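Chain lettering (A, B and C) follows the sequence in which the chains are written, and residue indices restart at 1 in each chain.
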Amino acid sequence: MIKFILGRLSYLIPTFIGITIVAFGFVRILPGDPVLLMAGERGMSPEHYQEMMARLGFDRPIWQQYLDYLWKLLHGDFGNSIVTKQPVLSDFLTLFPATLELAFCAIVIAVVIGVPVGVLAALKRGSWFDQVTMTSALVGYSMPIFWWGLLLIILFSGNLGWTPVSGRMSLLYYFPTPTGFMLIDSLMSGQKGAFASAASHLILPSIVLATIPLAVIARQTRSAMLEVLSEDYVRTARAKGLTPRRVVGVHALRNAMIPVITTIGLQVGVLMAGAILTETIFSWPGIGKWMVDSISRRDYPVVQSGLLLIAGIVMVVNLVVDLLYGLINPRIRHS
Amino acid sequence: MKLKTSLLAASAMMAMLAGGVNAKTLIYCSEGSPEGFDPAPYTAGTTFDAAARTVYSRLVEFAPGTTSIVPGLAESWTISEDGLEYTFKLRAGVKFQTTDYFTPTRDLNADDVIFSFDRQGNADNPFNQYVAGISYEYYTSMGLDTMIKSMEKVDDLTVKFTLNAPNAPFLADLGMDFASIVSKEYADTLMAAGKGADFNNQPVGTGPFVFVAYQKDAVIRYKANPDYFGTKPMVDDLVFAITTDAAVRAQKLKAGECHVMPYPAPADIEALKADPNLTVMEQAGLNVAYLAYNTLQKPFDDPHVRKALNMAIDKQAIIDAVFQGTGIVAKNPIPPTMWSYNDAVKDDAYDPDAAKKMLADAGVSDLHMNIWAMPVQRPYMPNARRTAELMQADLARIGVTAEIVSYEWGEYLKKSTELDRDGAVILGWTGDNGDPDNFMNVLLSCQAAGEGGANRSHWCNEEFSDLLAKAALASDIDERTRLYEQAQVIFKDQAPWLTIDHSTVFMPMSTKVTGYVMNPLGTHAFDTVDIAE
Amino acid sequence: MADTTASKSPAPGTSRQMLAEFWFYFRENRGAVYGLYVFLALVAIALLAPLLAPHDPIIQDRGALLVPPFWQDGGNANYLLGTDAVGRDILSRLIFGARYSLFIGVVVVTIALVGGIVIGVVAGFFGGWIDMVIMRVMDVILAFPSLLLALVLVAVLGPGLTNAMIAIAIVSQPHFARLTRASVLGEKDREYVMAARVAGAGNMRLMFRTILPNCLAPLIVQATLSFSGAILDAAALGFLGMGAQPPTPEWGTMLAEAREFILRAWWVVTFPGLAILITVLAINLMGDGLRDALDPKLKRS
């Protein structure tokens, strides 16, 4: 097992170096630069421009800037935003809980609904329930979520007035946010109604973000169940006269969950991509929106370190899923 | 509905707990995150609203709703006969704000004023680079670095500025956001503690509101400044809810989640006006959008060609389709609300047939040109791409083939200043201080025509530039008005631009909000605002 | 997915039979057949767009800005689905938009498929350090959320349809490379490959003529998925202002332009999104059918 873990870890190092090269390289060949944006419509003389570039250290050879960047990274320094002048890491840490909270709620919705639906659909294969849910799942899977979000806003916030339009919290509440997770902080604040407000702000964005993972998980659970149900041992168990509930509960479900867990793990990348669109639509102060804004502002340090941090998280989650998979399924370890 | 009522009840209770009896909270759905809370290094209106207009005040101020100068931290000033020396008498007993992170031990004095400017213009000031790589764009671009010869503390409450040459707009410059007065004592305290960077995160000023907290990209909170030297704000708490999308802002306003919002999408204005719970204030914006020809490029070096193209474009159609009718066609480079606007100037009438003939007379046939459309929304131009498409269709009607090009915004700004630029560029300007010099000199003078300058038509007309130079030196407003009026006639005759529009600025707000005054310079201030329970 | 090698290299003459068998299984899945019909209809619409569209998609009728669909007050039969902010007919734009979406799908899948196959075959066939390097590069690409990487790539290349397609192709290519490599690894030690090698076939021939045809099934399924994914991603990029630029009647770009009207003119927002949804759904339905028909494992159950 330890050998297996070490083996997987050894893959990470070259990948991580690759990621730093991509993050740094792409960002540096972005056309336009932050100094020009600062000048705006009023323009800037070529001399003043040169002086500004030098002040930000952008006038040195690119490889030198890269080595500097790596060196600083090794010391835990992710650089400072050009726009806000704040350390990128501290900005990331302030915004990440918002994204995490949203992504967590989305994945909870996706799993809590998706897994039972998938199991039931598999058990009642061909029934109307199967057909309706699987068609809906395919619709969900095909959904342009940015449009879906707009429709939900028009309907629920605009026409019906049931949910707040955007943001994380009613602004009438004010309490410290030690964890950065509004659901937890609002409970800890002890203020009446704060938790309800936080939850009502989360509903629409979580639904939008959950749409695709939910569809994927429901479909994957169904096909994993179907596969397991056709396996010999399940047939044997049935033949032995075990009750259907026991067959499904103990044998089939447990085995079907192995690929489903992998699928759930792989949704992390999907969630990050979805967060970019969802956060943009709902003005959700998370890292997806932060990245889009920073790209358009050409805030180099933020874009490169943001890419790095996000890729790092995706990588770690994939590793954990990989290891879990190896743990549940010993066959993988030795192959 | 039930949920909503209980929320309201709970929030009312909260408000009582937080601020004693009847605490009033005003929520403003702002359009973006501030870059920081020190106004000096930044150029964005969003930052100025969040920092300069709330936390800070200046030597002089623009009277609410106008561009005329009134006393601020300086209760009076004298200007020497030769226009070189400005002596400001400071208000006595002005207190810097007391916050969780700083308690002032002395009142505002001349040291603070000198420090506020010296740190921007003097690279040797220890606070010049309190964050590495910081720069003071406005200070440089308004020319204060070359304009100010020296600053002198006459006594604790008297400061004297000496200029290198007389400059009529100087006083107006001091009312601008970058000229906000900061506390030298606070800066020194931070420096000594090695926490200089906090100066940009935790502001201390003399303005109407005290900074409480900023939750990145989400919320900024302020409370009324109990020690404010002016009229105390009517509300107890001020909250900026950062909402970048205009449609979402409008939705939030309708849902009662905020009380005031800036920059509605033109498409939403009708619906907002129709809502009985909302009022929509409007004002002519102090701005202009234009299409600048490259006057160094053939055949656009010929004023007749430029005029012909101007006549081919239906500007009213642009106002209808891009601004949903909420703006006015521009004929001068300055907006009609600005003094010295020359209403006698006659615009080039829309007349495709005459334009076609004029083009043929100028010996131009089969013309191909580029139209540059900027990739971003600006207050003077909500959708440049759409505008360019309309122009393209109009030009096709007189046999001119136009291609629309665009670049990333930074690239666009840079490339558009290049002397050999191919094509006419859509761009615009929002006034900084209400002085005509801030439009015409910055955008059309010979000095600005070089590479990197803001004169995108590269148009250098000696006669026009001389008039501007004379006007800047003169101190008599009647004489200045006359000179600027003359300059506008030359401008129209030479047609370096197609003047497109002056947009109307809208401020939708809840009917509960009273006392809001729209600022022609486009900033948003809430010290005069009250809200009914 | 790894276990799709039930049929060995086909003997000549059986391909018609295989096709018939494929069609038999494909037809079993009713959704897939509907998907196919819708898809064929879309192809027809795209091809015949100039004939079908009642108006030119970029001509502006200055007298008819934001006209609602015909069944609403103020709508008229001249503009069945209404007009947008500059008076362009929405129906015509949607019809021409079908061309762009299908074109995007075809181009992206072609680039990603060809690129991915070449890379995957090379990695799988040669193994060793070549495989190691290639697969680590693929890992790097896959470590970034696809849309984020595409966004940065488009920012680098400059916004526009061509660059958006290139960016999406680059980020979806590793999936093909990985699949191909896995299949090649499974195939390359089989007897028929050995036989071909002994018979003197060169590496090129071995890689692309002998082994590749036997790895096609999973690639076809992945290609269908990528086709719909490409349409969605291109629309998302268009929505973020980084894809096709107006006045191109690309659906995502239409949505981005329409966003400011969500309160005022629901039709400019609703229809382009619906068009995207229907197209993507049809292709995904087909993809399901293809997988069922090509994947012998599911056939059994």
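Please note the rule applied: a residue touches a chain if its C-beta (ideal position, glycine included) is under 8 Å from a C-beta of that chain, and two chains touch if they have at least 3 such contacts.
Predicted model only: the values in this text are computed from it and were never measured.
K.L.:
Between B-C and A-C, which chain pair is linked by the larger number of C-beta contacts?
P.N.:
Most contacts of the two pairs: A-C.
K.L.:
Using CA atom means as chain centres, which chain is nearest the centre of all the protein shown?
P.N.:
A
K.L.:
What whole-number Å value describes the gap between the mean CA coordinates of chain A and chain B?
P.N.:
Taking the mean C-alpha position of each chain, the two centres sit 38 Å apart.
K.L.:
Taking each chain's centre as its mean C-alpha position, how far apart are chain B and chain C in Å?
P.N.:
46
K.L.:
Please tell me the distance, in whole Å, between the geometric centres of chain A and chain C computed from their C-alpha atoms.
P.N.:
Taking the average C-alpha coordinate of chain A and of chain C, the gap between them is 23 Å.
K.L.:
Which parts of chain B, given as residue numbers and ranges, touch two or more other chains?
P.N.:
245, 251, 407-408
K.L.:
By the touch rule stated above, which residues of chain C touch at least two different other chains?
P.N.:
155, 158, 259, 262-263
K.L.:
What are the residues of chain A that contact at least two other chains?
P.N.:
30-31, 153, 158, 280, 296
K.L.:
Inside the complex, what are the residues of chain B that reach chain A?
P.N.:
Per the touch definition, chain B meets chain A at residues 3-4, 6-7, 9-11, 13-15, 18, 25, 27, 35-36, 43, 131-135, 137, 140-141, 197, 200-201, 215-219, 221, 239, 241-245, 248, 251-252, 254-255, 257-258, 407-411, 413-414, 417, 427-429, 442, 448, 450-454.
K.L.:
Flag every residue of chain A that touches chain C in the complex, lowest number first.
P.N.:
Going by the criterion above, the answer is residues 11, 14-15, 18-19, 22, 26-27, 29-31, 135, 138-139, 141-144, 146-148, 150-151, 153-154, 158, 223, 226-227, 230, 269-270, 272-273, 276-277, 280, 291-292, 295-296, 303, 307, 310-311, 314-315, 318.
K.L.:
If we count contacts the way the header does, which residues on chain C are in touch with chain B in the complex?
P.N.:
58, 60, 62, 65, 85-87, 155, 158-159, 241, 245-247, 257, 259-265
K.L.:
Using the touch definition from the top, list the residues of chain B that touch chain C in their complex.
P.N.:
Going through chain B, the ones touching chain C are 245-247, 250-251, 265-268, 270-271, 314, 317, 320-321, 375, 385-386, 389-390, 393, 406-408.
K.L.:
Spell out the residues on chain C that touch chain A in their complex, using ranges where they run on.
P.N.:
Chain C residues touching chain A: 31, 136-137, 139-148, 151-153, 155-156, 158, 228, 232, 235-236, 239-240, 252, 255, 259, 262-263, 266, 269-270, 272-273, 276-277, 280-281, 283-285, 288, 297-298, 300-301.
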